[in-house]
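What follows is chain A paired twice: with chain B in the first complex and chain C in the second.
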Partner chain A sequence: MPEAGAESHRRRGLSAGSHLLVQAGEYVCALPLRSVRRVLRALTVHPLPGATDELKGLAEFGGEPLPVLELARLVNAPAGGKAAYPVTIVVWVGPQDRRELVGLAADAALEVAEVHLHSVVAGDGGFILGEALVDGALVRVVNLEALGGEG
Partner chain B sequence: MNAVAERGYLLVRSDGVLWGVSNGDVRRLTRQGLRYHLEVGGIALGVDEVVGVVPELVVWPVSSALRRFWPEKAGGLAVHAEAPLVIIDPRRLPRALCIEGIEGEIADGEGRH
Partner chain C sequence: MDPESTARTGERPLPEWATRFTDNALVGWVVIVGLTVFGFLLFLPGSSGAPPWPAWVFAAIAVAGIALYGTQVYPFFRQLERRLPESQTQWRLLEGKLIGAFEELGAGDLVRSNQQAKALPDRLSRALLAASDALSALATEIQNSSIEVASSADEVNQIASDLASGSSQQAASVVEITAAMEELARTASQIAENATRQAGLAARAEANGDAGALAVDEAVAGVEEVQKRITAISQRADALGTRSKEIYRVLELITEIAQETHILSLNAAIEAVAAGADGRRFSVVAEEVRHLAHRSQESVDSVRGLLDEFSSSIRATIVATEEGMKEAGRVLERSRAASTAITELRLASGDTSRVSQQISLATQQQNAASDEVVMTLREVSLVVQRMTGGLKNLSTTADRLNHLGLTIQLLAQSFHLDSPRSLKNLVEEMAKKLQKAGSAELETQLDELVQGYPFLQMGYFVDTTGYTVALAYNRSVGDGSKIALNLREIDMTKRPWYRSVSREKRSALTPPYDSLFNGEKVFTVASPILGRDGQFLGVVGVDINVTGWTRI
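Coming up: the complex of A and B.
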């Protein structure tokens, strides 16, 4: 008997379509797992004067300064309730040959799921690559490469 | 106080943000009431606290992701005592530190006034 949906994904192991699902405000966002370096309890962030709303500030990660961005702001997600277990997800952004680390502040890390890129639709050309359904729920697939370059 | 020693970095804090400036770029450091004034690149900067001097810092360049969301120009980023800090570029001083009334005199990126 064929396995259904998420359960079959979990048993097949990780693949190119593996994404980390995170809660950002009222949105669930999908981050390509190959770009995720670490998921941490929310790092202490030091705000910078004059920063845009998307930039929470600087944190320290592994002895290095790390810019931390507010994922919900990046994807224009409506604000959610107060996060019980906020996290900082350390990810690689930008093109492969010039990638750099940033932290993404999110409300929670949820699970790893398969997102088939051919099923992603209606990207905004910016930080959201598009939307897809995962186990019947809408997720926003984040374009981490777009985050690295100059705007 | 006169200019601090040539080597190392002076660390200061203002509005909760930690900044570092190369000692050689500091021409004067004076107490002004509850605050401090630094003269850097011919411009006075106001800070809340002088944290101290460190002999050296490992300085990382400002990443393009950070530049995208933070318009200030900086000489780099560093970490001291597990706290991130911003290195001041004496040619492009941070507006947040410039004392009111002189902001218009800040040089542009090419050093022109």
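Coming up: the complex of A and C.
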């Protein structure tokens, strides 16, 4: 939770460019704050037999089963150290008309920061929309809509 | 006998007794005839008458005397005069034998003198033989006595030399013992001094041991107190460790609260975004909450860091106290061992002090005894030195006595006696045996004779040319072959003994000289070898070892 980010956020206030910065392996990923439903301490996940590597399993959220994905695997991030306080971030994925809730397992929820889209360098066209610099640190902006579309 | 008158007349005069007898008889007859003629004339009266009867008596006596002279005295003297030359011849023969006997006697050859004496008249022979026997007995006694004297002197000399040598060694040993005793006395003094010093040091060591024991006891007590303190510190450190664990749990709880608060602030921010413009103020609060959570987390991290350091210090303290406890235990154990050692050292020092005092006392007594021994040894040394000097004088005197005995022996040996101890007799007997031997057997015979007498070093026969023709050496003395070869090349005619024997035809004796054989003192006895007709054939000589002879 860098202080500089909080200061800039306080200075700028929340806007359409607000993103939630999370730690996934060695990457810092930016999730659009409008798509974030809730930040939770890591939920208890029940693995699904035959599931892909990205799908950790199913958790329970609001009385409903919630699929939980491994964000680090989604963005192909190198594995980092053991997380002290892992979190599960509940986000809306998919197009606006067919969006659904998905849990993203991350190592930590860092802060809320402004990421201007015009400063984002184009990504690989997959789940990473692009890369941007936030307070001098490289941040990978995640395309949650694309995640939902493939799901 | 007057030698001059003999030389003038050319014949020997009448014996004195015959001359005196003739002169006295003639004078008596003249006196008697004169007295009768005087008596006749005295009683004859002039022309007056007939002569008186005394005149006739005197005349008758004169006539009778003349007649007696003419008939008795004159014929006696005439007979005596006729017998006188025969008597003179017998007398001269007797005189020659007597002179010969005396000459042999004068030359010391009592054997030949006796042979000459046996040809003299019986009484004269007996008297001469008695004198010769007495002289022979005297010479034999002198020989025996001189041999005894020389032998005894030699033994005394030997004993005195041995004693002098022993005394010299004894004196040297006494000097060495004296030096050793003096060194011993000095060493004893040093030992006494060192023992006294050691006693003092031991006493000081004992006193220091007392102080050391007290100090060690205090140190043991101090270490035990330190051990107790360390135990207390360890217990408190354990308690602090326990408390720090509790603090860790509290910090974990606070951390969890901060995380929850952080997550809560993020969710608040999310809700504020979802609320749109209405949630903007709420987002500020959420941000402040998140910031507070962040500060809490930072504080927790800071406290954890401090607590880590604190825990590390406590662990180090615990380790240090454990090490301190172990070290204190070891120090305590060593201190107790040191205390025991010091106690033993104190006892040993006390014993050492007492023993050193006893040693000091004993060595002082030994020093005094050594001084007395040294003084006694010096007196002994003086006595031994005096005794050595006396023994050397005795040795010198015995040596002189030995030489004197040898001189007497040689003088006595100058007599040729019919005795086994007469060397001249011995050599003449050898000469007789050699005379009977042929020339081929001469050396063998000489060798047998030489080997038969251990005191003979060498025997040789020198012929009339003066060169040695036969030679033998005593093999028990050594190898004389080289000397024998040399002797055969030497002309002996210039040697005094050869000249004396060849001239006098009798045995001769030389003074002692150093032998060419082995360097010892020898003397030579030489005798002539004569043919059956008395012809001089040569000289047999033997070298006699002086010491060997006197020991025989």
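Here is the rule we go by: the second predicted complex is superposed on the first by the 141 of 151 C-alpha atoms of A that agree within 3 Å, B and C clash if a C-alpha of one lies under 4 Å from a C-alpha of the other, contacts with A are read in each partner's own complex, and residues count from 1 in each chain.
Methods note: a residue touches a chain if its C-beta (ideal position, glycine included) is under 8 Å from a C-beta of that chain, and two chains touch if they have at least 3 such contacts.
Every value quoted in this text rests on a predicted model; they were computed, and no experiment measured them.
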Partners on chain A (chain B, chain C) - clash or fit: fit
Which superposed partner A:50 touches (first chain B, second chain C, both, neither): first
Which superposed partner A:20 touches (first chain B, second chain C, both, neither): second
Chain B versus chain C as contact partner of A:97, first or second or both or neither: neither
Arrangement angle, chain B at one end, chain C at the other, chain A at the vertex (C-alpha, nearest 10°): 100
Greater residue coverage of chain A in the superposed arrangement, chain B or chain C: B
Touching partner for A:39 - first (chain B), second (chain C), both, neither: second
Shortest span in Å between Cα atoms of chain B and of chain C, once chain A is used as the common reference: 22
Interface residues of chain A shared between complexes with chain B and chain C: none
Complex interface listing, chain A residues touching chain C: 1, 3, 6, 9-10, 13-14, 18, 20, 33-34, 36-41, 85, 87, 109, 111-112
Touching residues (chain side chain C, partner chain A) in the complex: 259-260, 262-263, 266-267, 269-270, 272-274, 279-280, 283-284, 287, 290-291, 294, 297
Residue ranges of chain B touching chain A (in the complex, touch as defined): 15-18, 60, 63-72, 77-79, 82-86, 94-96
In the complex with chain B, residue positions of chain A that touch it: 46-52, 54-55, 58-60, 63-67, 69, 93-94, 98, 100-102, 147-151
